[in-house]
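What follows is a set of structures for review.
Shared chain: chain A. Partners: chain B in the first complex, chain C in the second.
Here is the complex of A and B:
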C-alpha cells in the first residue's frame, strides 16, 4: 500500500515539469504583493497552483485509453469521492465547522435520482440537476438549527440529523426500498458506456471543483476563513457569522448531493448506507489524510483511500483497523496531511536548489529570504 | 447636558449572580474627544466595554449611540452602526496575513462578505494596503498575524477596528504588555488617528502617564461604580481617586 501511495503522489510532481503549457491557465486575482518580487513569484505560484491540477486532469483524461474498464471504474469512483471530500472540506478545513453529517446530503443526492426514476420515471438528466438543489434545501433546514451551536454540539447535531435521514430512508420500505435501497437501470443509454460515464463524472467533478476553488478565493471564502480563525473578532468587525456559515453549509450540502448524483452514475443505485454516519466519516478521513489546509488535499485523500482500499481488503481481515492506524499516524506525524507535507517538501527543495546555484542575479538575498518563508507558510496553511 | 453626546450610557448595570460587576454607570462621551476609563484591577472596565459592544447583555440601563438605542444589540449590528472595538487580549486572525485581515474588515464594512465574485477585490486590496501604510505595518503586510511581534499585533488589532470606518473607537487597554517604546508608538498612533479621522475614542488603560497625557475626559471606576469623572486636572486632584488607587485593596 505504501508503495502504491507513493507512486500516486509522484505522478503530479513529475508531470508538472513536463507540462509548462499548463501554466497558461488564468491566474487568480492576485492578492497584492509588492511589485518588485511579484513577477517571478507569480509565475511560480501560477505554475504550482494551476500546473499540477491541470497535469492531473490531463492524465485523468487520457486514462481510459490506458486502463482496462475495471480499474477505470475505481478511478471514476475516486473522482466522485474527491468532490465529496473537497465539498466537505469547505466546512471542515476552510470554515472550521466539523460536520459529521455530510453523508445525509451525499445520500440525498443519490436518492433524489433513484426515487425520481422509480416513482416518477423522470429523466436522469433532470433529476441529476435537481439533486444539488435538494441537497441545498436540506442544508438550509439542518443548518438553521445546527449552526446555532458550536464545535462539539454542532458535530453532534449534524450527526443526529444524518441519522434521522438514515432511519427514514431505511424504514419507509414502500417508498425507498428500505435497507435494500433502490437499484435498477436508471441511467440513460449514453451513460451505459463506461468511457462516457467516466468522462461525465470527470467533467462534472472538475467544473464543481473549479467553482469551489473560486469560492474559497472570493470575499466569501476569505471571510469564512477569518471566522474559522476567530469568530468573535469577525463578528466585532461587522460580519454576520451565522449567515456566512449557513451559506457555506448550503453550498457544501449542494456539492455533496452532486457527488451523490455521481455515485448513481457509478453504481446505478441508492441505499441507506450512503446516508449513514460511517459514510459521513469518509470525507473527513480523506481530508485529514490528504491535507485539510490545501484545496486539493481531500481529493488526494480520496484517491489514496480508493486505490488502497482493495489492497487493504485483500491483505488484511480487518480493513478498518488498518485505516484507523493510518489515520492515527497521519494525525500524529503530519497534521497537515500528505499534500501539506509534499508542498512543504517541494518548497524546501526549491529553496535549496535556488540557493545552490551561485551568482544568479536576483537570487534569494538576505532580504527576500524571510519574506519568502512567510509567504510559503501563508500559502500552505489556508 | 447630555444633548450632543455621541455615546450616552445611563444606569448601566450587569449582574453575575449576586455580584454586580458594573452598577448604575452613567457616562457621556462627546464627539471628537479622547475619553478614558480607569480604575484598579477588577473595577469592571472590561465588563463595561463588553456591555457596550454587545458581547455581554446588560441587566439594566441603556446605551444610546448616535441617537440609536443599541442596548443589548448583537455585536455585528453595533459594529455596523460605527462603534468599533479593539480588544484587551490580542485578538487577531492568527493564520491570516495582516493584509488579508484588514481586507476582511473592509469587506464587512462594504457588506461584501458574502460575495462569490471578486469584482471589487482590487479596490479593497488597495484600501487595505493604504491603511497598513498609514499605521506603519506595510512591511509586514504579507506575514501571518501570529508571526508578528506583540506590538505589531496590537497595532493590527487597532487597524482592524479602524478599517470598519468607525465613528467611535473603543480601545481596551491598547498598551497592555507593551514595552515603553511600543507604548509610545501606540499612543502617538492613537492621537494621530483621532485627529486625522475626527474619531471619538473611548479607552481603558492602566498606564497613568498615557491616560493623563492623551485624555480630554476621564471616568474613574471602582467596584463597578463611577467614583468621579471630569477633565484630567480635576480627576488628578480628586481625593476619592487618590483613595481608590493608594488606599484601596490593591
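Here is the complex of A and C:
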C-alpha cells in the first residue's frame, strides 16, 4: 500500500473530530425532544461550563484534610505546573506558536522573587506581584524578534533566547548565585505553613486559569485561532497578525512567570535549570499528553507527567527508559491527548445512550462533563 | 599569523562533524517533515560504537573497521525505529511526532547508559593519522584534517546523490510535494525508510568521526541535537548546502567565543542564531513558507 500523505489525511481526520461535538451538541435534530424549561436549561448550561472544573476545585480544596503533607506538596507542585502548561498552551494549542522558550519566563518569575529577597530584602508579596510584569516585559523583548519567524524557526529561536537567559543566570555568579541559584528563607511566615502555601498556590492558579479561560473565549482568543488556521487570510481580513501574536506571547509570558512565582512558594529557591530548554519542553509535553486542543488538557497532562515521573523514579532504576516507553505509549494510543481521547470516548458513549433511549433529554449525565472539551476540540482543530 | 590559521582550522574541524550531523537532520526534516530529536541519540551511538570496537587498542588499527561498522549499525537502528514507531505518527500533529521522538531519545539515552555506563570514554586516532603537522610555528593534528576531508566527501556525495541519482530526485520530489510524488508512482513509504536510514547513517558517521576528537559520555546526545538543529535552522531547513554554511558559521562563532570570552562561550551559538534569524527569518538558504 502506498503511503498516504499528511494532506490527504487531514480532511478525514478533522471530519472525524467534529463528529463528537456534533453529537454532543444540545439538540441532535434527528431526535424529537420535549421542550425543556428555562430553569433546567440554565442549570444544564451552568453544569456544562462549571461542572467538572468546579468538582476538581472542590476536591483540591478538601485535599489537605485527607492527605499528609508530603503528597500534598506533590499536588501543590502539580497545580503550579498545570498553570505553567495551560499558559504555554495559549501559544501552542490556541496560537499554533510552539514556543520552546517558556522556561525563560518561568525562571524569570522565580528569579525576580529570589533576587528581590536576596539583594533588596523586598517583601515577598510585592515581588510576587512584580513577577508576572517582569515576565511580560521580557516577553515583549523576545517576542519582537522571535515572532518574525514561524514554526520550527520560531521554536528554535525562542529556545535560543531561553538558553541565552540561562547562560546569563549561570555566569553572573555574584548576582544570581551561578549554577547553584538562590535559596533561603524567602517566604513570609504565613506561607511557611504547608496548608497555607497549598491554598495560596491553588487560589492563584485557579484565578489565573479563569482569566486565561476568559482570554481564550474572548474575541482576541478567537482571532488567535483564526491566525493559527490561516495567517494570510487573517491578515487579509484586517487582523494585525504580529500584534495579536505578540499580545498572546506577552499574556503567556506573564502567566508563566506567575507559575514561576508559585515554584518559589513550593521550593523556596530559584536556579538556572528553570530557565533551560529542557524545562521549556515540559509544558509542551504536558500539553501533548493531556490534549492541546482542550482548555484543561495541559493541566491533566501536568498531573499525569508529575505523578508518573514520581512513581517511575521511585520504582525503577532505569527511570528514563520506563518513562520514555510510557510517553511513547500515550502518544501512540492517544495522539490527541488523554483528555481528547476521553472526550471522544464519552461522546461516543453518550450517542449510544441517547440512541438506546430516544426522546429522553440528555441531562447532565456522563457526557456533560467533556462536552465543553469536545466543543473545544472540534472548533480548534485545524 | 600561523596562530590564526590554526584557530581557523580548528573551527573548521568542529564545523565538519556538525555539518555531517546537521545534513542528516535537515534531509530527514525536508523529505519527511519529521523533527527527529532521537538524531542526537544516533550520533551518540555512533561515537560509543567506535569506542567499543576500536577502544583500548594501541595504535588504533581497528578504527577503520569501527568507522565502517558504527554508521551502518546506527542506520539499521534507524530503519527499525522508522518501521516500528515513526510510521505510526506520520498522520499525527507535528508536536505529537516531536514528543514521540523525544520519548525515543529518553529510551535510547537510558539504553546507552546500560550498555556503556556513565564513564567518559575516549579513543585514539589510528596511527597514520595520529601525529600533527607543522603550520608556521604551530602544530595541527593530522586527524582533524582527515575529519574535514570526510565532511567534504560527504558533502560531495550528498550533492551527487541528490542531483544525479533517481533516489535523489525522488527525495527532492518529496521535499517539494509528497502527494504528487506518491500519485506519480513512487513508493513513498519505502522512500521514507530510505531517507531515515540515510539520516541515521549520517548521524552515526558524525559521531564516529568525532569520537577521537572528544570524550564520549552520556549527555552527548542532548548537546549535539541542539547544536545540529541550530546549524540546520541557520542554513535553512531542508537545505544541505545551508547546513554546510550553518556549520561553518557556528564553528566560527564558537571559536570566537572560546578565544575572546571563554565564560560566555555557551551563549555564542545562540547569539549566532538570533542574529541570523533576526536578519533572515527563514535561514540563510531557506525559502519562506513552502
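Of note:
One rule holds in what follows: the second predicted complex is superposed on the first by the 309 of 382 C-alpha atoms of A that agree within 3 Å, B and C clash if a C-alpha of one lies under 4 Å from a C-alpha of the other, contacts with A are read in each partner's own complex, and residues count from 1 in each chain.
By our rule, a residue touches a chain if its C-beta (ideal position, glycine included) is under 8 Å from a C-beta of that chain, and two chains touch if they have at least 3 such contacts.
Just so you know, these numbers come straight off a predicted model, no measurement behind them.
Touch criterion not met for A:123: it reaches neither chain B nor chain C.
Of the two partner chains, chain C is the only one that A:323 touches; chain B does not reach it.
With both structures placed on the common chain, the touch criterion links A:331 to chain C but leaves chain B unconnected. A simple residue count on chain A separates chain B from chain C, and the partner touching more is C.
Touch criterion met: A:229 reaches chain B, while chain C stays clear of it.
When the two structures are aligned on the shared chain, A:156 is found in touch with chain C, with no touch to chain B. Look at A:180: by the touch rule set out above, it reaches neither chain B nor chain C. Of the two partner chains, neither chain B nor chain C is touched by A:315. Look at A:193: by the touch rule set out above, it reaches neither chain B nor chain C. If you check the complex, the residues on chain A that touch chain B are 29, 31-33, 214-215, 217-220, 222-223, 225-226, 229-230, 232-241, 243-244, 247, 371, 374-375, 377-378, 381-382. Of all residues in chain C, only 29, 33, 35, 85, 88-96, 98-100, 102-107, 109-111, 113-114, 178-179, 182, 187-189, 192, 222, 226, 229-230, 233, 237, 263-264, 266-267, 270-271, 273-274, 277-278, 281-283, 286, 289 touch chain A in the complex they form.
Across the interface of their complex, chain C is touched by residues 1-9, 13, 92, 98, 145, 148-150, 152-153, 156-157, 159-161, 163-164, 167-168, 171, 277-278, 281, 284-285, 287-289, 292, 318-321, 323-325, 327-328, 331-332, 335 of chain A.
Put simply, chain B touches chain A in their complex at residues 53, 55, 74-76, 79-80, 84-85, 87, 91-97, 99-101, 103-105, 107-109, 112-118, 120-122, 124-126, 128-129, 141-144, 147, 160-161, 163-164.
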